[in-house]
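Shared chain: subunit A. Partners: subunit B in the first complex, subunit C in the second.
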Partner chain A sequence: MENVLSILFCLSLLYLALTSRVKHCVNVLQAQGIILAVINTLPLFHHFTLGEIILPAALLGIKGVLIPFYIRKIITDLDIKDPIEPTIQQFTFIMLVITLMSAVFVASGILAKSTEINIIPFASGFSAIITGILVIIFRKKLLVHVMGFLAMENGIFLFGSAIAFKLPVIIELGMLLDIFVVVFLMGIALNKISTTLSGFEAAQLRRLKD
Partner chain B sequence: MFSLRDMFFISMLIQAASILAPVFIGGQRRASALAHITLVAGLITGFISSFLAVFFPMAHTVGTGFFGLPPEYFRFDPLALYFLCVVQAVAIPTAVFSYSYLEHYIGEGRSVKSLYVFFAGMLIATQMVVTINHAIVFLVFWEATSMSAYLGMIFEKEKKEVQKGSFYYFVMNHVVIFLLYIFFFILHRQTGSWLLSDFRVVTGNSGLTALLFLLALAAFGMKAGFMPFHFWLPRAHPIAPSTISAFLSGIIIKLGIYGLFRAFQILSPAPLWIGWLVLVVSMITAIFGVWYALAQHDIKKLLAYHSVENIGIIGIGMGIGFIGSAYANIPMQILGFGGALLHVLNHAVFKSLLFLGSGVINNNLGTRNIELMGGIVHKAGFFVFLFLTGSVAICGIPPLNGFVSEFIIFNSFFTAARELKEYYPLMMLVSAVGLAFVGGLAVACFTKINAIMFLGTQRGETKPFHVSAYDYISLGVLALLCVVIGFCPVPFINAVNNVVSGIVPQGGAELLNINWLYITVIFTLFSAVALAMYFISKAMRKKFGFRESDAWCCGYNRLGPRMQYTASSFADQINDIARAPLGYHKKGRAGEGIFPPSSGFESHSADLVDNRIIVPGYKKFISLMSAIRLPGNTDIRYYVAYILIMIIVYSVVGFLWH
Partner chain C sequence: MALMNIFEGLASLFFVLLFAPLFAGLVNKQKAMMTGRVGAPVWQPYYDLFKLFRKETIRAKSASFISGLSPAINFAAVIIAASMLPVCNAHPLISFKGDIILFAYILGTARFFQILAAMDIGSSFEGMGASREASFAIFVEPIFFFTLGSIAFITGFTSISDIYRSIAMDRMSYTVFIVVCSISFFILAVTECSRMPVDDPNTHLELTMIHEVMILDNSGQDLFFYQYSGNIKLLIYIVLETAFYYPLGAGLTAVGVTIFALNILFVSFVLAGVETVTSRFKLKDMPHYLLFAAAIGILNLLIFTFNK
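Moving on to the complex of A and B:
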């Protein structure tokens, strides 16, 4: 079950790389958040402890509801509707993503022989990190950068559930809080920038350099 | 009956509750009043219990407490209780003062809620630091103390000097906490425990002991302000609001001393060379601290350098104690540590008195420059009397408290000379002369500021001088403490002796053997004679008449502000002796002819460490770092791409390594 969800997660990444609509990106992120919450709920079916339900609940709350809601609000507030403009051809970009993804899968297959990891969630997490970075590199819009960053963070979470030893809940909760704060700050910064710079493109940030 | 632990937590809760007032109450004045009342109530609750525990050690139980916190996380041994008592004793008057100080800002129409929250946070975190036993929690509260002081410090953040000085403080604190992390992690690896009370070093591992001692000296010494790590004090203290700088100077730098005592408890006995290192560094700190102070024109900067000096004096006592521990000599340790501990209390009292006093002056005159003041004695005589009390105490002049602790430290020199023969008598003679020299310079310095600031007439524009009742209460309480410790040192000596016997377990009665009753008797006689002489002179004046003229008048009748003696001229001769180490330079021009058109004199002093090491070093570091950059683009996406390339390189390398 975990593997199936991880594959689904991976596919959502491909969609994130492909789509040219900002709103679809948000939907993908929301879906990823829900998938992550479900993956973190799975071990609870074997043995249930009340303390461990905090993490999936928080995941669902923050990644599934709060952050998408907030980003959608930013989109409506700042009136961002034009499509995502890629800097390289869409085809090249998707090939790059797929190549790196397959490299990651092969690599984690080799790695699994010597370490105790679940190949598919591990590789999916890693691909999410790489896809996130690629999205940041090859997209112009600042808001899409935030989404690339969120995809990276999702990857890190999947990573955490793929390794054999469990991270303490408090650390994962701390990470969640971190992400939320970062997105929050980014929203505020975007709002501020929108008053001085008209487009929300990273290249224009160069003008702010002192 | 509540145990000590419960009282401590209750007082903490009340103090923490005071932060709620500015959050939930809209009106500034009402919020400030309610917050201060709650804060002072909480502090007094805590002070009563810690005071009873320190001064009547038999009559209390620590207890386990009902708040469900792990009892081993807190440590209420004599050392912790002593520092807790000192913190609270100074915090109460400072909090009272804070009320009228904030009132001043409210009058100017500024929002003071943030300043109050950080001030209260600083007090609470400081009380936690001295009682916490868990290393990590200790570091958390250590950071909380430093950062709330920092946030309070940048209250007037629109000023350029505030931004600069607070940055010094910020960086210094992070260096300190970085060193402390290393220090605690090494100790944790040694013992496998996080509790300060469990930390030990395997005896015989002298290399590790030396390393840990050096780490502790660097970290805690930087916090305390030993030279050459003192550079942040004269930058940070002048810019902070007076409540913050009084507490910073009176208490927070003492946390460094507290840390050194804790480090000594863990690592004792100290190696001999550490003892000498501490003694020599402290001697340099004391002498140059006061000498730099003499060259300052900014009242708060001057007081900051005096903090450096007094930390030096405390360090001298500790150095003697360390040397004593290297020789396993009990009397030396007791006198050295005892003197240092009592000086911690004394300095906390009179330095906060002086800093709060400087806050009153600053608020009234709107300047910190001594050269622009004058004639305050005609406007607020009693205030000047209180400030003078603090000045006399800090100089170590007999009837007041500064003398008592310095007397113990002098005693420790002579004990060291007597107990350890060899070359010690000579060395201790040199040290005694050095300490006496420090006292002499301090007298010169405080003569300067009291004479220039208070006597004569106001230089610059004349303004009314208003001292509120709250100011008088807080300054009065502190001045009264100076007098009480000076005239009646016995209970304080007993308390200190109790603390020292916690640090030096073998114990001894050297502190109690000094006949303190003589001091009380002599001081009383001394004061009686002084009073008698005052009344006699008054009577003589009445009988024979006298001619009255202002100070600095040189016998002339009318005095213009520009004719007065200045602080620069006063200190010039002494500063001229040590021109190079003080970075002292002056500019004078004398007019010629019968009616000279104009003449002037100005002098400046630049801190050697700050100007020769820190500032150029910082500039060099920045230019070095900005030289390292990737060519071409400044777009953020390129940087992210570089990160991705590095991740891939690392993964491939790691893979092949595997």
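Moving on to the complex of A and C:
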């Protein structure tokens, strides 16, 4: 079941690489958050403890509801236009993502021979980290950079569930809170930038001086 | 037994030839109803084909023998492809190891001759359509091979009917392969048959057309062959799409045929729905759309390779 959800996660990554609309990116992130919450709920079916339900619930709340809601609010408040404005051609971008994804799968296959990992979730998480980095590098809009960062964080979470040893719940919760604060701060920063500059492109920030 | 197999094969081929225009009519009717129109009757494609068949064929003065040859080759190629189909899991007329390659390239031959005929006439419009068709073909073939190829890998067979016969949705991860493959196969069908997000079959504006522009100068029986083979091609892809969800063991029984018919109806509904809610993509956006489908196939292959 975890593999199935990881495959869905990979598909959502491909869609994130393909889409040229900011709103679709938010939808993808929301879907990824829900998938992650479900993946983290799965172990509870074998062994239920009340303490461990906090993490999936927090994931669903923060990644599935709160962050997408907040990003949508920023989009409407600041009137951010829908195209994502890539710096390279979308075609090249998807080719890059596919190539790196294949490389990650091959690497995970090699890694699995020496360590105890679940290949599919591991490779999906790894691919998400790489896709996130690529989104940050090859998109102009600042808000899309935040989304690339969030995709990366989602990847790290999936990564965590693929390795054999488990992190304490409190650390994972701390990570979640961290992400939320980052997104929150980014929103405030964007708001501040909007009072000084008209656009939200990283290219324009070069003009800023102290 | 061999005689029975031949009979089954002939019956499936006959089914495809007979019902191909009906399927196109069904999709158009549902599309019309979804957009609040009454629409042409379901039988309209039959009337159109009949009308075209009776009309006189007029060819351009600049056209060479290729223009006369191409419609017939197109039609023959599509019929050969149709005779490899596993309709209702019946034994197809043509089936041997590795026939997925023949299937892909016999349709490739049809496309090649259509492109050649379009350029043969010497109109710049048709040349443009031919160039578009050729450039899409480059992206379409990887989709076919990655998708059906990955299933061939998983099942260990290389013949279309064997592949579809051995699809068993018993394991959860297997079901995901099938669902994912059927998504990319749907995109393939839409592209190959020049349906909505890729090409609009209803427009006759030269700048938005891909498939339609190539047959702009054809008339009469030539156009009949092109239209009819277009309809058959659509049904071929739809049968391949529905065969993913055909339960094993249902076979050629009354239940099996009912399930098959329901499957086809459902896909026609989905196709009409997709055509209603989507608009045609920009030409420059098409490669990523097709690459996405190919990426799904690659992902399937990767997951299968490393999930053993």
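Note that in this section the second predicted complex is superposed on the first by the 207 of 210 C-alpha atoms of A that agree within 3 Å, B and C clash if a C-alpha of one lies under 4 Å from a C-alpha of the other, contacts with A are read in each partner's own complex, and residues count from 1 in each chain.
The criterion applied here is as follows: a contact is a pair of C-beta atoms (placed from the backbone, for glycine too) under 8 Å apart; a residue touches a chain by one contact, two chains touch by 3 or more.
What you see is a predicted model, and the numbers here were worked out from it, not measured in a lab.
Engineer: So, on subunit A, is it clash or fit between subunit B and subunit C?
Structural biologist: When both complexes are placed onto subunit A, subunit B and subunit C end up side by side without any clash.
Engineer: Between subunit B (first) and subunit C (second), which does A:18 come into contact with in this model arrangement: first, second, both, or neither?
Structural biologist: second
Engineer: Is A:136 touching the first partner subunit B, the second partner subunit C, both, or neither of them?
Structural biologist: After superposition on chain A, A:136 lies in contact with subunit B alone.
Engineer: Per the contact definition in the header, classify A:175: touching subunit B only (first), subunit C only (second), both, or neither.
Structural biologist: Touch status of A:175: no partner.
Engineer: Once the structures are superposed on A, label A:190 by its partner contacts, choosing first (subunit B), second (subunit C), both or neither.
Structural biologist: neither
Engineer: Looking at the overlay, what does A:3 touch: subunit B (first), subunit C (second), both, or neither?
Structural biologist: Only subunit C is touched by A:3; subunit B is not.
Engineer: Tell me the contact category for A:111 with respect to subunit B and subunit C: first, second, both or neither.
Structural biologist: first
Engineer: I want to verify the contact counts: of subunit B and subunit C, which reaches more residues of subunit A?
Structural biologist: Here the partner covering more residues of subunit A is C.
Engineer: Quick one: smallest Cα-Cα gap between subunit B and subunit C in the superposed arrangement, Å?
Structural biologist: Between subunit B and subunit C, the minimum C-alpha distance equals 18 Å.
Engineer: Spell out the residues on subunit B that touch subunit A in their complex, using ranges where they run on.
Structural biologist: For this pair, the touching residues of subunit B are 634-637, 640-641, 643-644, 647, 651, 655, 658.
Engineer: Touching subunit A in the complex: which residues of subunit C?
Structural biologist: Within the complex, subunit C contacts subunit A at residues 172-173, 175-176, 180, 285, 287-289, 291-292, 295-296, 298-299, 302-303, 305-307.
Engineer: Where on subunit A does subunit B make contact in their complex?
Structural biologist: Touch list, subunit A to subunit B: 107, 110-111, 114, 129-130, 133-134, 136-138, 202-203, 205-206, 209.
Engineer: If we count contacts the way the header does, which residues on subunit A are in touch with subunit C in the complex?
Structural biologist: Against subunit C, subunit A makes touches at 1, 3-4, 7-8, 10-11, 14-15, 18, 20, 90-91, 94-95, 97-98, 101-102, 105, 108-109, 112, 119-120, 123.
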